[in-house]
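Have a look at these structures, which come just after this line.
Look at the two complexes coming up: subunit A is in both, with subunit B in one and subunit C in the other.
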Partner chain A sequence: MYSNILDTVKTSSDREELLSEINQIKTAFYESAKNLEDVLKSKVRSFFAEAIRQQIQEGADLEKYFSGLVKALNGLDEVKLEVALELTYEEIEAISNWINKSTGGKTLISFDVKPNILGGATVSFKGKYFDGSLLKILDKTLEESRDALIKQIYLQK
Partner chain B sequence: MKNYKYYLDKTGEIGYVKRVVHSIAYVEGLPNAVSKEVVLFECGAQGLILSLLDNFIEVLLISSVPVKVGESVARTGEQLTVPLSEELLGSIVSPLVLSLSGEEIVAKPKEKRPVDNEPISILGRTEIKLPFETGVKIVDLMVPLGKGQRELVIGDRKTGKTLFLMQAMLSQSRLNTICVYSAIGKRQQELESVIDFMEENKILSSSVVVATGSADPAGLIYLTPYTAMTIAEYFRDLGRDVLIIMDDLTAHASYYREISLLARRFPGRSSYPGDIFYMHAKLLERAGCFENGTITALPVAESAMGDLTGYIQSNLMAMTDGHIFFDIDRYNRGIRPAINPFLSVTRVGMAAQSPLVRDLNRHLSSFLVHMEEVREFMHFGAEVSDSLKSTLNLGIRVDEFLHQEQLSIVPVNIAIFLLGAIWGGFAKDIDKDKLRTEYDRIFQKYSNVTQFRQFVDSLILGSPSFNDLVQKISKQEGAFSLQ
Partner chain C sequence: MINEITVIFFAASVSVAFLAIVTLYVVVNYYKTLKRERDLEEEVRKMRASGSEEARKIILNAQIQATEVIKNAQLKAQELINASDIFSKEYKQKFQLVIERELSKILSGASQAISSQASVEMANLHSMFEKNLSLLTAQAQSQVEEYKKAMMGKINNAVFAIVNQVAKKVLKESLDRKQHEKLIIKALEEAKRQNVL
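After this line comes the complex of A and B, so read on.
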């Protein structure tokens, strides 16, 4: 029922945006029909406005429709990623597709930009944590080859 | 303790704070967390897992660092342990065994022990055999204690409980006992006065103070007596006798109630949680007389308007081996220390005393009861016979004898000796106003004159009963003048 809408939600900020749009529509819906149309035209993204208009045409119970949509949105799993740089839309889409394929269901991505990790990413999902950052790789390499590096520096002197 | 990132990599598990309610944080994630495990927040704060709910983990915050919603949390995979070594002696530490400013105290820990340890079973325990001297005459003679006893110190605010505890610490530290003082959510001023006393009397070097102030987080205050007991157990296992003071457990119960109510535990009597008896009983069960050494516990309870029947007060009375009651009425009448010997109880301490002390205790108790009756009788304006006159006269001498200046200690032998002398008629002709000076002079003589001390000690050692002692003192008074 909501798959066409849920497909457009890839990140947790997408979800927040959609939840805010739902709130605006719900508020406008109880005021006047003109108000609702204004909101659908100016404050809601076109794909979502179209989906709402279709529901109205079909005479669906909008209260039920919205509560179901909010429940579905809040029930989505979330993967938290810490990355060094801001990601482009294409990169987010690629990551999202890969994660959905790996987890076998719809999963949102929550991004946090932390330049101090230098590169790569840290991933946390359902309480599990994996550090695939460049910082960790460098730390580990430095730890492992500290003695050799110190020796080399002394030899060069 | 290592940093947040270390534990995050080690356990590979992460959680996020969803809600913070005062000293409780609700965390989502950490799928393999276990109860009582320590967790570390990204901001550096520490927490202790209280319980595992369906969607959340309930974490008790034990640091004063503020925790925000959304903050990440890592498991440590460890129970709360504290580093221990002899370096602790002479230090004032927080329940996490850090200095009060948060620095490490134990640079080279010999071992780490969990704060919430299981008490030793009955097989590792022995009978209480040795007397425990507090240096307070009325306690040492009327409600004597034994090493390894758990004696509740109970009374209203400002009736001299802490002063008595300081006297006991001073007396015990001179007998080579390690003192562990746990100040539970105390005001800064109160704590400073105890520490100043310990420094002035050079007892801090053989003591450890585990302190939390009233501004500390409830979780940290809750841990105070547990850490103190863990430190006491460490020194006991080194073969030392330890005195642990928990000042006070009514405050501890209040903080535990605060935590439990915030964690939505079902409130019981006076809103305390149902396991408050268990919490305190388990703590006090860790003290006692063991094969390695002894832990004598003096927990403190504050009563209101002299009422001993409060929930926590009666709980503590039920789980200790007696109590010393500081009576507000006696305090208001100017009696110092304000201990009420008739309402105080010692359950195992008497067995640890010599036959002489037991006999003296019987004589003194029945005499004081008789004195109370005579005084009541005198209210009717009855004519006084010669025998009553002499009883009243002796009563005045005994009352003055039992009076003790704040923070002064009196060795038990000289107290027994002097009481024997008073019983035998010494001081019967001395003016009431001069009695205290006279008694003090004798106590000083015992401390300063070795020959006199040896004489008193040998006399007491050779006297099987109080009557025998009184006779010996009366006979020898001429030969060895008290003057």
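After this line comes the complex of A and C, so read on.
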């Protein structure tokens, strides 16, 4: 029922945005039909506005629909990623697909941009943590080859 | 009136008579004392004359005795001088030879003892010096090595820090978006492998 909507939600920000839109629609819906259409036109993204219109045409119980949608959104798992740069929508989609495929369910991603990690990502999920940043890999690699590196530098002199 | 004059005259006569007696007594005593003084002076003069004579005799005797003593002393001295001359002539050479020989022996012995002692002391000093020198050299070498090690450690740390910084900068600048995405997926794969996901 909500899959087409939930498919559009990849990140925690997407969820927050959608919840905000639901609140605006609910408010307008209780005021008047005219207000609802105004809100659907001006305050809600088109794909979601279209989905609401479809529900109205099908005579669905909107209150129940929104309640179920909010519950579904709040029930989604969330993986926190620290990355080195702001990602594009395509990149986020690719990562989200990989995670959903990997976890076998719908999982949101919360991104935090930390340029100092250079690349890769740190992953926090359900109280567990993994540092897969390029910074850690580089530090580890350099530390392991420290003596050889210094020796090489002196030989080059 | 007449009686008063008589009494006064009589009193005056008695007084004059008394003064005349007193004066006479004083004069007589004065002459006695004067005479006594003269006698004493004469006696002193006599005694002085007698003392001078006695002293002159004593001095004369003393001079005679002194002359005798000097004469005797001169004789003894002459005897000693003569004996000394005889000793010098007869034994001087032998005495000198003996003295020289004994001195030579003593000096030779002392020289050998000193030389031997000095050799031992020198050997001890040499040994001690070598020991101390070795110890000091070892300590100095150890300190130099420690310092060298510490400085090399600091240099290596600095070099390593530079390498680290350069590597980060190069990596940061050389990664494109596709590579970033791949690295993120790789991190997620590793997280899954470690059961984080």
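Convention: the second predicted complex is superposed on the first by the 146 of 157 C-alpha atoms of A that agree within 3 Å, B and C clash if a C-alpha of one lies under 4 Å from a C-alpha of the other, contacts with A are read in each partner's own complex, and residues count from 1 in each chain.
Heads up, the rule we're going with is that a contact is a pair of C-beta atoms (placed from the backbone, for glycine too) under 8 Å apart; a residue touches a chain by one contact, two chains touch by 3 or more.
These numbers were taken from a predicted model, which means no experiment stands behind them.
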Here subunit A is shared; do subunit B and subunit C fit on it together or clash? fit
Just subunit B (first), just subunit C (second), both, or neither: which does A:Lys64 touch? neither
Between subunit B and subunit C, point out the one touching more subunit A residues. C
Answer with first, second, both or neither: which of subunit B and subunit C does A:Ile99 touch in the superposed model? second
Would you check which partner chain A:Lys34 touches, where first means subunit B only, second means subunit C only, and both and neither mean what they say? neither
What angle, in steps of 10 degrees, lies at subunit A between subunit B and subunit C when each chain is taken as its C-alpha centre? 40
Report for A:Phe130: first if it touches subunit B alone, second if subunit C alone, otherwise both or neither. both
Give, as a whole number of angstrom, the minimum Cα separation of subunit B and subunit C in the superposed three-chain arrangement. 8
Where on subunit A do the contacts from subunit B and from subunit C line up? 128-130
Using the touch definition up top, name the residues of subunit A that touch subunit B in the complex. 80, 124, 126-131, 136
Which of the residues in subunit C end up touching subunit A in this complex? 156, 159-160, 163-164, 167-168, 171-172, 175, 177, 179-181, 183-188, 190-192, 194-197
Counting only contacts in the complex, subunit A reaches subunit C at residues 79, 81, 83-85, 87-88, 91, 94-95, 98-99, 102-103, 115, 118-123, 125, 128-130, 132-135, 138-139, 142, 146, 149-150, 153
Using the touch rule from the top, collect the residues of subunit B that touch subunit A in their complex. 8-9, 11-15, 28-31, 72, 74
